[in-house]
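Okay, so subunit A shows up in both of these, paired with subunit B first and subunit C after.
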Partner chain A sequence: MSLPYLVAAWLLLVGLYGIVSSHNLIHMVVCLSIVQSSTYVLLLSIGYRSGAAAPIFADIPVGSRAVDPVVQALTLTDVVVEATVVALLLAVAVQAHKRFGTLDPAELNPLRG
Partner chain B sequence: MHALVPLPTVVPLLIAAALAGANAVLPRPIVDAVAIACAAAVTALCALLAAHSAGVTVYWFGGFHPRGGVAIGISFAVDRVGAGMATLAAVLVCAALVYSARYFEEVGSQFAALMLVFLAGMTGFCLTGDLFNMFVFFELMSVAAYALTAYKIEEAGPLQGAINFAITNSIGSFAMLTGIALLYGRTGALNMAQIGTALGGHPVDGLVTVGLLLIMGGLLVKAAIVPLHFWLADAHAVAPVPVCVLFSGVMVELALYGLARVYWTVFSTPLASHAAGVRGILVGLGVLTALVGAVMCFAQRHLKRLLAFSTISHSGTFLIGLGLLTPLGLTASGEYLLEHGLLKAAMFMAAGILLHRFGSVDEYELRGRGRGGDWGVRAAGAVLALGGLGLAALPPFGTFAGKSALEDAVTEVPGYGWVIAVLVLASAITAGAILRATGRVFLGLGPRLPRHQEQLTVLSEQPETLRPHSRTPAVMSTPALLLAVGGLLLGLIGPLRHGIAAAATHLTERGVYAAHVLGGAAPATHLRPPALGTRATDYALAAATLVGALTLAAAALRPRWPPRDSRVARGATTATVALRRLHSGCVNDYVAWLVVGLAAIGGALALT
Partner chain C sequence: MTARVRMIMFAVGAGGLAALLLWGLGGLPAFGHFNGAYALLIDHLSVPQRHATDAVTAVNFDYRAFDTLGEEFILFTSVAGLAVLLREQRSERARPSDAADSEHRFQGSSFALRALTVMLVGPIVVLSLYVDSHGALTPGGGFQGGVVGAAGLLLVFLGGGYLAMRRLSPHGAVESAEAAGAAGYALVGLGGMIFASAYFQNFLELGTPGQLLSAGTIPLSSMAVGLEVTGAFVLLWSEFLDQALVVRSR
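Entry: the complex of A and B
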């Protein structure tokens, strides 16, 4: 039962490693979305009940065992948030490539000290 | 009254959508007027909520009221601290919109729309009573802030600043969300009052500690606490001035408000026996931030970046007050934070006036150019000089009262008396940096070029340029002057100070908050708000701060600066250069620091 939690932790760590070691903005943004994927896995596994149905009480009797719909709503909200952040960052990356011909954050570097 | 609670968030969102949609149709004056009217209306609403929320005003969306202490619905739970922070945000958005009416030559209605979305995120963050909802508003204001940072998307600086800002802060947000998920897994609740009640009966375990670490981590990234602070200076140096006004004036401070809210409503009861350890960690981080921010502030020549590091230093100061975990500490931080918000906003506006007139915010390029200017430039000089002295909390100004309360709060907790020295030192260094810059720009003091050219060229910033103008519009200088006067005088209003003390004390009473939100009986005992007063030692400390600031400014303006002769000066220069090299501008390094910082805080939490 602890497998999903280990997957979430693994996604978090591997995503962070990717960001720290990245030399390409597109790669870095994808790594950021991997970090966020760990929150999806974590949220969904917190709400999971083994042997339970989807929480749609139209075709299952009221009172039967169902997974937690709250975390699913949180995950959906989280997906929307991620879409916004990733879209914005990709737009910035495209602009950086268009203007300066580089995607390496280390080369796009007027701010120091 | 209850029906008004969601309006400060709903109204700006609707107006923002309308403005963004009507981009091609509406002429710019109408867009500006609508946006300013909206921000003014939100200011009035928030002030009204602050005036009428003696306890906690609770609004349940969709009428989903709690049953038997279990909340399914989402609530806005407004108390005076939350409503007051929302009012500060709305005032600053209003001032920034007025200022930007003439600051930008060409700007689409997207700018006003983004500013209003930013406002909606900030008010929602202040008013909400639900932890996940808090995260959503936190993200809403963050995304608006990223977009506003990258507003001048043709230049390299804004692109880099926005990337650094967005990536570090997004990681902070995900940490916060992970923490929220863990707490939900433990308690099955998202309402802060209910989580606090559910955690209250049990001793704290590893899961709750990790939850605290992650939620705190997300907020501390936004609050620019060392070593999670690197993004702030980059974002401030490149964001348009009206946006910097909001970043420094209120966004950073909101994260500290969020930390106070989450700590007292969720964690204060389960962590009651570990409070001393948490206090040590928070005050320690505050001390580190205050000092690193101050040293970096003094090392800057780019005015916006200098002010940005001053904000980091002050954020550390506020964290010291908050981290003492006493009503007096929270009161002092709240009061000082409010005045800092107005003053720092005014100072950024003054830097913007210089940029608008002379096309530069570089201290050396501007040397002497502020001398004998017209009244717009003189207003900028007055705002910078008075703001610098005001932030150092010197006696005639209102900030002295807040700083004195902070010093009292520090001495009140046994074992933390030494922190006073840090407060004086940080204030003296940041004020010295601002006085030095003001003296150089407006009085033409000091050498023309930095002597340590060879060290600074590696690390110097590109000056931000805009086409120079021949005069300063009144809509730019008036908001700066009004905010500066407000920041200097607010602390002299006795009833306001006592109101802040009562509101801060109220925030620390978890039981009362939970009873208001979930129903049920409130505890009979109420804490009394702390007494506020100034003592002779406070005047002595203010005098020491002033002497320190003037000495540092004078030393920096001597013809031979930095002095190479003495070993102390050489050591200090080497240390400063090393510290500046850490601010590499590379987001990979910033994220590495973030991970190391969170791990260190986590290790310290585990040991307490």
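Entry: the complex of A and C
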């Protein structure tokens, strides 16, 4: 199997490990964004064609060998979704810290506060 | 559940997931040999059909413009959700701390550094407008340009101070800009219904490929999205900065 796919799988698993082992909500959100970046690597490497140019036909003739623009557009959507998810989770972390005085998920006791 | 039990459970689950992933990824076309029919079609059609030299932007703002509408409103609603989550609680009141009003927040930053930061604000805003408007020609478009523009306003905070940033971008104005951008994009789509036949159909003159005013509605959509993204990110950052610098518990 080719390296970029393995990198995507590795990022997904290592990000999940980070989420599970995290002791800090901010750290956990960063780990989630690493999980999401595995999808960018996967999408972009699926769309790659060897020896191809970027799909910008300003300085190369139409019909030249170019990489897949559709997955690149999808990656853009993916980035926007990540930004929104991270923003909302960080806001939740801010409020959790206000209420419980800690960012350690193990100490967020639902019975307190 | 103790940390140890959790890690053991994770190891078992992750092992299974890794096996499934490798199995699934092994079935993909080998790296560099992808031959998506849809991609080839877009690569051949984006210039002759839409006069857009950047195929990615042609996909985003034309071929699947309706999806981008959804994408844009994800951002819009999430910023609204963020504002609700970080609203002033009953136990809090807004009072700028001394740090918010001081000339700069970062100890040890020199006058030259701050002056340079403020000098960069103008060029960065211009760069953002350039990226917004040239989306159909070269890599870029509303989402990228919008984030660049918001970064320009963030520089005011870094170089000047938080209240300077708030004075330059009052909440009301930023909210209106964001809403105008979001509505503008939806209206471009509506224009397709009125002047052509379907929602988001490209209804403007296509122009010469490679010229600034080409590709019909794509630059217009891109500018609208750029405005919305700039507004959304400035709002998002100022909500967080408010938490650090303005909102205090009673």
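Quick note on the criterion: the second predicted complex is superposed on the first by the 109 of 113 C-alpha atoms of A that agree within 3 Å, B and C clash if a C-alpha of one lies under 4 Å from a C-alpha of the other, contacts with A are read in each partner's own complex, and residues count from 1 in each chain.
One rule holds for everything that comes next: a residue touches a chain if its C-beta (ideal position, glycine included) is under 8 Å from a C-beta of that chain, and two chains touch if they have at least 3 such contacts.
What you are looking at is a predicted structure, and each value in this text was computed from that prediction instead of being measured.
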- Message: For A:T77 in the superposed arrangement: first (subunit B), second (subunit C), both or neither?
- Response: both
- Touched partner set for A:S21, first subunit B, second subunit C, both or neither: both
- Query: After superposition on the shared chain, which partner residues are touched by A:L3: those of subunit B (first), subunit C (second), both, or neither?
  - Reply: second
- Task: Going by the touch definition up top, name the partner, subunit B or subunit C, that contacts more of subunit A.
- Result: C
- Message: Touch test for A:R49: subunit B only (first), subunit C only (second), both, or neither?
- Response: second
- A:L12 contacts which: subunit B (first), subunit C (second), both, neither? both
- Task: Please indicate which partner A:Q95 is in contact with in the superposed arrangement: first for subunit B, second for subunit C, both, or neither.
- Result: both
- Just which bits of subunit A does subunit B share with subunit C as contact spots? 12, 16, 20-21, 42, 46, 70-71, 77, 81, 84-85, 88, 92, 95, 106
- subunit A residues touching subunit B - in the complex, by the definition given at the top: 12, 16, 19-22, 25, 28, 32, 35-36, 38-39, 42-43, 46, 70-71, 74, 77-78, 81, 84-85, 88-89, 92-93, 95-96, 99-100, 105-106, 108-113
- For the complex, which residues does subunit A have touching subunit C? 1-6, 8-9, 12-13, 16-17, 20-21, 42, 45-51, 54-58, 62-63, 66-73, 76-77, 79-81, 83-85, 87-88, 90-92, 94-95, 98, 106
- Task: Give every residue of subunit B touching subunit A within the complex, in rising order.
- Result: 132, 136, 139, 143, 146-147, 150, 153-154, 156-157, 159-164, 166-167, 170-171, 173-174, 177-178, 181-182, 184-185, 190, 233-234, 237-238, 299-300, 458-462, 580-581, 583-588, 591-592, 595
- If you look only at subunit C, which of its residues touch subunit A in the complex? 3, 6-7, 10, 14, 17-18, 21-22, 25-26, 28-36, 38-39, 42-44, 46-48, 53-56, 58-60, 64, 67-68, 71, 74-75, 78-79, 81-82, 85-86, 89, 137-139, 141, 143, 209-210, 236, 239-240, 243, 249
